Amino acid sequence: MIEWVNAVVQGILLGGLYALFAAGLSLIFGVMRLVNIAHGDLIILAAYLGLSTTVLLGIHPFVALLIVMPAMAGIGYVLQRGLLNRTLGDDILPPLLVTFGLSVIVQNALLEGYTADPQKLNAGAIETASVAVGGLSLGILPLLTFGMAIVVIAGLQWIFYSTALGRGFRAVSDNQDIAQLMGLNKAHVFGMAMALALAVTAIAGILLGVRTSFDPAIGGGRLIFGFEAVIIGGLGNIWGTLAGGVILGVAQTIGAKIDPGWQVLAGHIAFLVVLAVRPNGLFPRVEH
Amino acid sequence: MSALLSISGLKKSFGAVVVADDTSFDVAQGEAVGILGPNGAGKTSLFNLITGALGPDAGQIAFAGQDISTTSAARRCKLGIARSFQVPQPFGGMTVFENALVGATQGAGLHGHEAEAHVLAVLEDTGLLPKANIRAGALSLLDRKRLEMARALAAKPKLLLLDEIAGGLTDAECIALIDTIKRVHAGGTTIIWIEHVVHALLAVVERLIVIDFGKKIAEGPPKTIMDSPEVKEIYLGVDPDV
Amino acid sequence: QNPTIRVGFVTPSTGPLAGFAEADDYILEGLRAKFAGGVTNNGKSYNIEIIKKDSQSNPNRAAEVAAELILSDEVDIITAAATPDTTNPVADQAEINEVPCVTTDAPWQPYFFGRGGNPAEGFRYTYHFFWGLEDVIANFTGLWNDAGVAKKVGGLFPNDADGNAWGDPQLGLPGPLAEQGFELVDPGRFQPLNDDFSNYIAAFKDAGCEIVTGVMIPPDFGTFWSQAAQQGFNPKVATIGKALLFPSAIDALGDRGIGLTTEIWWSPNHPFNSSLTGTSAGELASGFTAATGRPWTQPIGFKHALFEVVADAITRSEDLEDPDANAAAIQATNMSTIVGDVNWSNGPVPNVSKTPLVSGQWQKSGDGVELVITNNKHAPAIPVGGELQLLG
Amino acid sequence: MSTPAVTRATRASRIAMIIAALALIVLALAPWWAGRADLRLMGEIFLYLSLACLWNLMAGYAGLVSVGQQAFVGFGGYMLFALTIFGGLHPIAAILLAGVLAAALSVPVAALIFRLKGAYFAIGTWVVAEVFRLTFAQISALGGGSGTSLPVGIVRSLADSRSGREALSYWLALGAAVTVITCVYLFLRSRRGLALTAIRDSEVAASGLGIDIWRTKLEVYVVTSAFTAVIGGLLFLQKLRISPDAAFSVNDWTAFVIFIVVIGGIGTLEGPIIGTILFFLLRETLADFGTIYLMVLGAVAIVVMLKAPKGVWGLVRDRFDLELFPLSYRVNTKQKGD
Amino acid sequence: MSEPLLKLNGLDAHYGDFQALFGVDLELAKGEVIAIIGANGAGKTTLMRSISGLLRNAAQQVQFNGHPIGALRADQVAYAGIALVPEGRQLFPSLSVEENLRLGSTVGRAGPWSLDAVYDLFPILKERRNQPSTSLSGGQQQMVAIGRALMSNPDLILFDEISLGLAPVIIKSIYEALPNIISGGMTAMIVEQDITKALAVSSRVYCLQEGRVSLTGRVEDITRDQITAAYFGVDA
């Protein structure tokens, strides 16, 4: 019994990480319907930026966030205005192909710059610390990750629903033309959305890098989990994305409990089952 | 004589917007019926319900004695219902000829030369033959509307639904259009026509139905309807005495 | 002008396996210098041209470039190294296209049985030298016996070529471990790049394992190792194949990399010399460090040995124009290389020649870490460098 | 007045057909004039060309933007291995049977993923392909995650001599490409093809004109899946070794194929042909540069998408109003000299 | 007459291959209200979209306050002082009533219109301020759309079919509010199918037919028959 509880709890915590992978995707998917194939590689890019900062400045990875987050946000803004804005439209192919190209470029540039050696961010004792809760031993780091996911999602929720910027996001995603009429420059609004998304990516990247080793090639595997969490949760619903991440995480740990070979498979199957029952995800934003 | 199209208790709403409010009426084989109503009254939605582009919330639609309320749009076309779209929906990447050929081969189920000959005849009839090789995406609005009708006719319908095809025509063009529709009608095709260009409508139809907020508010011979003060007020939006 | 013998070389220069190819350029440079004067065969001098192609760590691509080497570069001999994912596709192409092939850096069982090899027949053109799972097992159990801890072993085997071979009930670890009185807890095969090992950890804790073993890629081990600590699982010995080969991987683990144990196929302390250059293992390793500023890694020796074998076969072939003669020359190899003896006449199965294997531990040395040989029972010629220390 | 005539072929298309026929004869004779390497490369090109044409049919005509076609490439590959090793079938029979099985399998898959639209559909197909990959990774008889090789005996059953095998393998690839292009062409020329093109341009109008959209797309999906599996079988007959990662590689079997179709010109028959040629030109000149090659590929994808969203053939067609495959109809009304 | 506030010089507009406007010339003086009429598809909406920047043109084709604005983006045009009440209301469904209104003040121009002023004009909106905008009736939505445009304190306000799809009684109330809005010296351009209503509030009229101006003049100088002719191209 306790093993199953353990599996579920660990799954929930794992879901926090997936929700972090997905939060940025969810934001840009929700605001501009952009399917960003490069998202996984951008997470890894953030991890490498974290690595360089920690190595160069000798600071703790969490402190490095103060540098990596603005850096990623800047990259996001430039990327969106310089490149991705030109691919937006009804056709999903241009963004798909352009972000695929971007993904290949980021991945190989990282390979050139950092080689394929696995790297890890060293966060010190926190990595292995744990607390005992009712017979379960829970890692501080996964708890922190989950807490971070909640904070990030609550933060995005706040920005989205209680600030002028968020009003701009929602307006532009509802109707680009009319939002333009209100004086919102959609290119800038999209740039801000991508900046915010990549700032979140920075958090995801650093936490990933602390949790496990990374190399330039592992982005793709993270991407699909992110997409699944977004879609399970429902397009444009940020709390739904957290729920999606948790469902994915729990499905994986339960699957692994039955047979480790089914871990990832169980996550995918949970995704397909959700879609078979609710093609728009569990909590889709109410459509007009 | 039994009705070709029989609608009873049809209901449909989008949230708070009611587009069909317990609508019932019959259209007899060979009849030509006009539909009037203010913008947003639910006229186009009614066509969408009849053709199957929309599913009703309640009520029945029967065609040629068969209940088609849940039949797919494609099937309904094959049974003999074809329409023109108010906002033209040309197959933009195809030529005018190919657009109409879709109607002939898919809707009417014609093959090979038979289909081509039928399409040429329809294009001739609707005055589009000179533009047969032009990409539909490059047509002007008027030609797009003509194409809407041509495509519907190419499907050899028993019931033809026309949605605002006369708007913006010059006098001569309008007369030609009326001519064409009369010919189609004389050929035995049943017609329901939504039109704001009332004089064109009156030249063809034998009966008028007026709807507002999804409700049928008047039905009868054109003359009676047009003279009714209620219709003048609601539809023409002018005081009856102007 | 001397005629040229072309040697193809498929290696994962990029991708997750790129660590294995780190020393390629250094080794090839040395060899090209050596081969500059030509190699003599039947009294005639030949140039050797080595054509390197990148497999991108992708078995598909490995097969593709192997085919390219064979068909468009028309190589006379093809070579490949680094895990069954690289060696097997290349060997398969060679076998079917009838080109002699020498490979290394992959345990022989996944190489031989993974390619559907039949011990009664063997292969006609493809040859492999490395150690096998029986060596890993003997070394690992040797280590564990030295450690004197409870004989309960948690097994971490991924669902990849190596993991399936190591975990195979007949050919892999389970049988021999049972015979030697170890109880193996093996929850099953995980997909590589796993995010969560909670279930393994729970199972190992439940069974009271004091040893963990397996064969994993570094990211997976990193994830497992932190989660184990978080979830209160602290084995006394952790002996893992593949993940702990490279100093960079250990560096990435920080302090928790100290004390981990692994198999050692080659080290600067191996008492062997190159048949080509006469360099000793130590000289080769320090040469690499001097040239690149990076610490030595195990594949260096094997990469060098690969070309020792090829060069040796070229000198002995009866007719360098004839693939069958070249294959026969490889088959007849009997030489000492920088990784030990290579001789295909006394392998466990046809086409396989075994090299010695020892095991050891990553220990602190100054402010870095160093891989120290602690158990040499199965290759006593290789000196031990220290004693096994228990974890934590 | 004489009745106008309806024709489909144009001068350009007739010339193109003659050139194509001649080229085909030359290509069919390749085993006698080309080297082994060229033969193999051309074989691979033909197989990629086939994949590109099939993906183009789905995405460019039926609007089904799938990033999961590797599911069927891998399935076809695995069926080749399973049916020859365990079923004792001749490889060619196994590949054909793989196509049939893929068609059967694609129906329930379609029932699931056709519920999704646009980007959801794309990601759904990707997940399905991952499910295929992970499922095949669980089948230990086929080597699980490590994969398996095609026994030499089975390869030899194709032909006794090496050159015989190479020629056969080449002809199979050429035959596959010719079959796929011909089938796609004939399909698009048929009433069904007209229906499919109509769906691409306007689904509402298409269904109003009697086209069953769901069924038409399903047909395309099933047929494409079957062909894709056959191509997958042929690809792995060349590679001789299969593993889940190789068989279900999203990069190799879908991303590159999308790249080919989009740079060539999606929604045209000519596009995939041009795209395949460009892709292989790039690959053959740059592949030895490893990371640089891939970065260039990424950059080309981005630049083409931004500068010529309709691809290279789109540029050519807009400029010269060319059509090499006569799909469209021309009405010739100029009977009298006006 | 002083320099017109808005001047169109041979404005052309295209949707891809399709040309929707052909050389439209138009002038609008400060404080003036004009009506644009025409049949379905005549190009009225297109004209509004061109002025407001949703369709980009050559810079000189649209002049505002003497500046060429034809090539500006819609958000830049909004900052310059032009607001559009779009056809079919087009509120932002994810925003509440008040958020929709607030969005209107993004450009931050100074002037008489504020949230309170709009609530004074349409008191019902104050009651519904926190509701999702889609839950309002069509007429109330139209009020939000008008309020949203006013919030930017524009120099020129464009109304596209404000009575479209509204019940007569609601149309009546909107038209009752209209003089309050434009009496403050605001310049306005009204597109309206209902000719009577349009003419009642404007001083001059332009009639479009198939993308061309087919009739223009002062309201009092134009006869019904002229309008019908210009509308349909028929000599009635």
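Think of it as A, B, C, D and E in the order they're written, each chain with its own count starting at 1.
Rule of thumb we're sticking to: contacts are C-beta pairs under 8 Å (C-beta built on N, C-alpha and C of every residue); 3 or more make two chains touch, one makes a residue touch a chain.
Since this is a predicted model, take the numbers as computed values, not measurements.
Under the touch definition stated at the top, chain C and chain E share these contacting partners: A. By the document's definition of touch, common neighbours of chain C and chain D comprise A.
C-beta contact counts were set side by side for B-E and A-D; A-D has more.
Ranked by distance of CA centroids from chain D, the top chain is E.
For chain A, the chain with the farthest CA centroid is B.
In terms of their C-alpha centroids, the spacing between chain A and chain D amounts to 33 Å. Mean C-alpha positions place chain D and chain E at a centre distance of 51 Å. If each chain is reduced to the centroid of its CA atoms, chain A and chain C end up 37 Å from each other. If each chain is reduced to the centroid of its CA atoms, chain A and chain E end up 43 Å from each other.
The multi-chain contact residues of chain D, meaning those touching 2 or more other chains, are 134, 137-138, 291. Counting partners per residue, chain B has no residue that reaches two or more other chains. For chain E, residues that reach two or more other chains under the stated contact definition are 134. Interface note: chains touch in the pairs A-C, A-D, A-E, B-D, B-E, C-D. By the touch criterion stated above, chain D contacts chain C in their complex at residues 35-41, 44, 134, 137-138, 140, 143-152, 155, 162, 165, 238-241, 243, 245-246, 249, 252, 288, 290-291. Looking at the complex, you find that chain A touches chain C at residues 3, 6-7, 10-11, 14, 17, 108, 111, 115-120, 122, 127-130, 132, 137-142, 211-215, 217-218, 221, 249, 252-253, 256-257, 259-261, 263-264.
Residues 52-54, 73-76, 78-79, 83-84, 86, 90, 92-95, 99, 102-104, 106-107, 134, 148, 152 of chain E are the ones that touch chain A when the two sit in their complex.
Here chain B touches chain E in the complex through residues 15-17, 38-40, 135, 137-142, 164, 167-171, 174, 196-197, 213, 233-234, 237-238, 242, going by the rule given at the top. By the touch rule above, chain B contacts chain D in their complex via residues 51-53, 72-75, 77-78, 82-83, 85, 89-95, 97-98, 101-103, 105-109, 111, 116-117, 120, 123, 129-130, 132-133, 151-152, 155.
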